[in-house]
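Two complexes follow with subunit A in common, the first pairing it with subunit B and the second with subunit C.
Let's turn to the complex of A and B:
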């Protein structure tokens, strides 16, 4: 097992290098750089801009810029943000934390809602509640998540006009007076703001998961050993949760590694609509301003998380399913 | 005696598909949507870019349609009143007030000579399904089914035209991605394990020998290919030399002496290794490795980030039509990998089958084996995957346009219309909920494509046949 982990981690290196190289080159292809926006400003002399360009290292050949960036990355230095005049890591990390709040919460929603609902459907297939949930699942897959968020905000605004208060906050991550709250209240406040966006982020995946869970559970319930378990006179509860569920849930665990990183990017549009200070709004802003090292840093960190998530998913699968052995 | 009738593969699939009720409903909705998009001019009430400053209809609400006569209360032919913009002196916002002096009946199958349109860029016409007519437009009456935007353009017409973009982007990008995935996945799978030589080692005598062939055409081809490989070796050599000199030059300019020595030595070692390789060992690669590593690398960057970064690599102000094709290309480029991976896996097993061996034994050219024998065996999987990928593409396009990175004016798409709805802040769509209508259009299209995709999947799956 540990040999497998080491092999996967070594395999991670070329993929990561390739991904960062690709991203860096794509970023360099974009016309102009961070200083282009000032070139038309008559108050700034062209020499000043050239000097700044030299100081930022932007006048160097792209390949060399990449190699220097990579060298600094190995030292844990992601460079400096031109926009914020701060180390990139200090700019990005809080945003990644914010995004992770959404992601973790939505993964919780995903499994806490998806698995029970799938089981609920599987034990009473082809009945009205089953059809109803299936229809809702189609709804969840088809609705664009940013549009869903817009509708929820619309409803909240209407609610606010009608009753003067809202069950959930309209956008943002913190309430007014957040700084004065005690520490645990701050967390509660953030969670309260995160509930709706996290739910919206996860609607599509949730719909997919309930469908897979339903199909899996129904297949397992048709197996011979379930009949045997029932014939032995086991309680239906034991049959369902001990014999059926544990086998049905395996492919779903297999998916977890693939889901986590998908959600980091997938929270994106919802973050924009819900005004959540996550990583996607920062990336959009930085791409717009051509803040090279912020862009490169975001892509490097998120692809690192993504690759790590995949490995984690594979390992989790081995833990859950004793039939899987990695040599 | 019952007559035995044989059924082709597609006939069986079609019979199965028709049994899938949701898929048939989805197919019907899609037929309507695509028909409306194809004849957008006919179904829209105005030209999508038609607006006037006087009178201005900035953010006008949907026009109220009267089915009853307001005086007598009897049913009458549907009509509307002209609306006029007034300033509300309490809130200082625009308010639209009906001018009840004249009724404008809604007419069907009208002609609007001042706003002609073309169908399929070929036929110029001005027939519209319904509207108020030219005179009413002259007099300042409008029929806004879904209100007007910030210029006073009719949102219903823009939505119908937006469908053209949103619905075709999905199909075009899936077709492009499928071709890419089939081609690269097929090549990777078929040639997995074989090493394709790209350069011949120059110091080996066998590099300078060329295989002969009795067929003169093939003989010439093999000779040409050999010469090409030798030329490639030279190019590789020259490139390597140029790269090393370039590297040394870069290092001299941009690094401290300490770094210079270390990385210079490293570079020198790499150059020496490549040189030895180029002179004595053939340079070759496994196409499977190449394609699959590329897929892996692209999959390592989160989908949305790759999408917007690729878009940002091109200037923001571009020709709108070029932007449309760019969006299609980017969507295809970002999503061919998954398909290529699966196709590769299927081809790996298909290439071992007897019919492929038979084709080889008969001397069928390899590209023809791949094209005619190997890839068709993946057809049902490809059809299902493609139809299930279209809704994803429609969603991605709408998201991209929603961020302002997709389709640009004067073209419009459902995502772009939603962006316009959101641009004014929360108030803009809470006061004018009808601007959210394009979102429901996206929802309907995506839902229907999902139904159709599910139906196709069941239809092509022998295990689900009844």
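Let's turn to the complex of A and C:
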């Protein structure tokens, strides 16, 4: 097992190099650079722009820039953000933390709702409740997240007009006066703000998961050993949760590793619409402004986590499925 | 100028006791509030679309960053009176201009204090200037201290006297002198010890707000990444800033700016009363605010079309096309460009592109700079018949089978037009222009391209540049001298139509000469006369075909009061003076 892990970790190196090299070069291929935006500013002299381009190292050949970046990366230095004039890690870390709140909450929603609902459907297939949940699931898959969030915000604004208050906040991560709250109230406040966007983020995945869970569970429930278990006179609860669920859940566990990059990838456009100060708004900003090292830093971190997540997924699979052994 | 100085010295209440501050009194005519009406307390919540980057005044690159928030978008020795546009003493009490107009000596106001209670003196200006001027710091303000290639110098005469020495008399002398000072006792020791690198490392967004010091009315209390910044009242500001009733300013306890990544979210926040001020940019946004006010759901004031915005769109034709002499001759002809100006249906553009909320433009001086606009400068408004006539004079008399104009040799009147892809307004402008041109038989191939590629083409140098015509815009343009230092002179990098590095048309040479003459004239009225002359030459040359610009609109929640009177609400002066705002409800 440990030999396998070591081998996988060694495989990680060329993959990581390839991914970051490609990303870095694609960023460089885009015309212009961070300083182009100022070239049409009548207040800034062209000499100043050249000087800054030199100071930022943007006048070097792209390959050399990549190698320097890689060397610094080995020392744990992701470079400087041009926009913020601060180390990249200091810029992106608070945003990753914010995104984590949303993503962790939505992962909780995913499993805490998805698995029971799938089981619920599987034990009473082709009944009205099953059809109803399936309908909702298709709706959830079909609607784009950012649009769903916009609709919810629209409804909240209407609600606010009608009743003067709202059950959930209209965007943002913290309330007015947040700084004056005691510590535990601050956490409650963030949670209150996170519930809606976290739920929206998870709608598509949740819908998918209930479909998979339902199918898996129905297949397992049709197996011989389930009939045997029932024939032994085991309680239905034990049959369902001890025998059937544990087998049905295996492919879902294999997927957990894939969630890891999502953890830092953030909640996507929902963050923008819900005004959640996560990593996506920052990434969009950085892409727009061609803040090279912020982009490269986020890509490096997420590709690293993607690779690591895959390894983790494979290992988890070995833990839950006794048939799988790595030599 | 001298008269204003005297009036203001009277306004400033001099107190005999040396320990007491020389007070700057904020004139009541700058606000709609009656003297004595305003009460202290409350919070104003503003909003912004882009996240803050830093609290450090020396590395901040864009307007509206945290150092600007703390200092009312910049505060210095002099400030402009929004009712007249003239410079009046602010952090200075008076000034003296030398005989040859190259030296200005400022008397610094006594009794001003930093937000940590230390006195503000000449050393603070000197240190701020020194750090801005260090090229290794990379301050965006560095260029503002240069006139041409020569730097402005500052000398400390004593703790409360500063002398600015200019390489030559300059229209922007007071603008240059009015930079915002930052505390020498905070930045000085770091700069002496660690130099530029030390300065760059200071006052990042993670800085403990306790270490932030400012001269302005508000100082940072808390910042939450990507969410908001909260500033609290600087109590020392009120010692030298009072209203006409003698009350210390600012009235508000807190000033907060929320960050929204999306204008829809920003609008929703205004409609629900989460933020107090909003600048609607589109007809739809204005309609929504109107609807909410009418339905009684929002108690707010909305000022539509308060003024034009200091920006405009124009078409630039490329004079440097060695590889295509036919087009080059065309683009260099003022007659051709006048014909093109006659083809720009500015009213349709204002109606369609800006939903009726815009202003047509005919020259480089933005319509909002009223005192600079020469009403008699030549204009070539929409008139397809005149356009056709001018084109016929250029030899384009016949039309080919497809209905496009051709000259005697059968060459078709056709060129490419571009703008930055994704800018809907410019794309719409281009389409309207292309349609109108087609009607008289001019074939324009419109193809938007990526912004950075576009900038590359525009700024290309030499006698063969890679574009025909581009629709683009510039912003800025000063109240002191509205002509761009790198736009008008032929060697300027934003002399977009001709980058051969020399003047090609005698009118260009004349405009350049007039530009420098105006720039070195300190007397405002004299300068306006030169500005008028430039606009006449410019109108005749039509180096750029100006189109139109959007208007400025503002809405505020009526829980705040103390906004500008209507006459001074504009894109230049804004809707309020922050220290004079107060919470009414």
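Just so we're on the same page, the second predicted complex is superposed on the first by the 319 of 327 C-alpha atoms of A that agree within 3 Å, B and C clash if a C-alpha of one lies under 4 Å from a C-alpha of the other, contacts with A are read in each partner's own complex, and residues count from 1 in each chain.
Here is the rule we go by: a contact is a pair of C-beta atoms (placed from the backbone, for glycine too) under 8 Å apart; a residue touches a chain by one contact, two chains touch by 3 or more.
Keep in mind that what you see is a predicted model, and the values were worked out from it rather than measured.
In the overlay built on the shared chain, the residue A:51 is in contact with subunit C alone; subunit B does not reach it. By the document's definition of touching, neither partner reaches A:1: not subunit B, not subunit C. Contacts of A:191 after superposition: neither subunit B nor subunit C is touched. Of the two partner chains, subunit C is the only one touched by A:85; subunit B is not. Look at A:9: by the touch rule set out above, it reaches neither subunit B nor subunit C. In the superposition on chain A, A:170 makes contact with both subunit B and subunit C.
By the touch criterion defined above, A:22 reaches subunit B but does not reach subunit C.
By the document's definition of touching, both partners, subunit B and subunit C, reach A:273.
Of the two partner chains, subunit B and subunit C are each touched by A:31.
Residues 30-31, 150, 153, 157, 161, 170-171, 272-273, 284 of subunit A contact both subunit B in one complex and subunit C in the other. Those residues of subunit C that touch subunit A in the shared complex are 45, 50-51, 53-54, 56, 59, 61, 135-136, 138, 140, 142-144, 146, 200, 204-206, 221-222, 224-227, 230, 258-262, 264-265, 268-269, 271-272, 274, 292, 295, 297, 450-453, 455-456, 458-459, 472, 474, 476-477, 484-487, 493-494.
Subunit A contributes residues 14-16, 18-19, 22-23, 26-27, 29-31, 60-61, 63-64, 68, 138-139, 141-144, 146-147, 150-151, 153-154, 157-158, 161, 170-171, 261-262, 264-266, 268-269, 272-273, 280, 283-284, 287-288, 295, 298-299, 302-303, 306-307 to its touches with subunit B in the complex. Subunit B makes touch with subunit A in their complex at residues 250, 254, 293, 296-298, 300-306, 308-310, 312-315, 391, 395, 398-399, 402-403, 415, 418, 421-422, 426-427, 429-430, 433, 436, 439, 442-444, 446-447, 450-451. Those residues of subunit A that touch subunit C in the shared complex are 30-33, 36, 39-46, 48, 51-52, 55, 83-86, 90, 94-95, 98, 150, 153, 157, 160-161, 170-174, 176, 178-179, 272-275, 277-278, 281-282, 284-285, 290.
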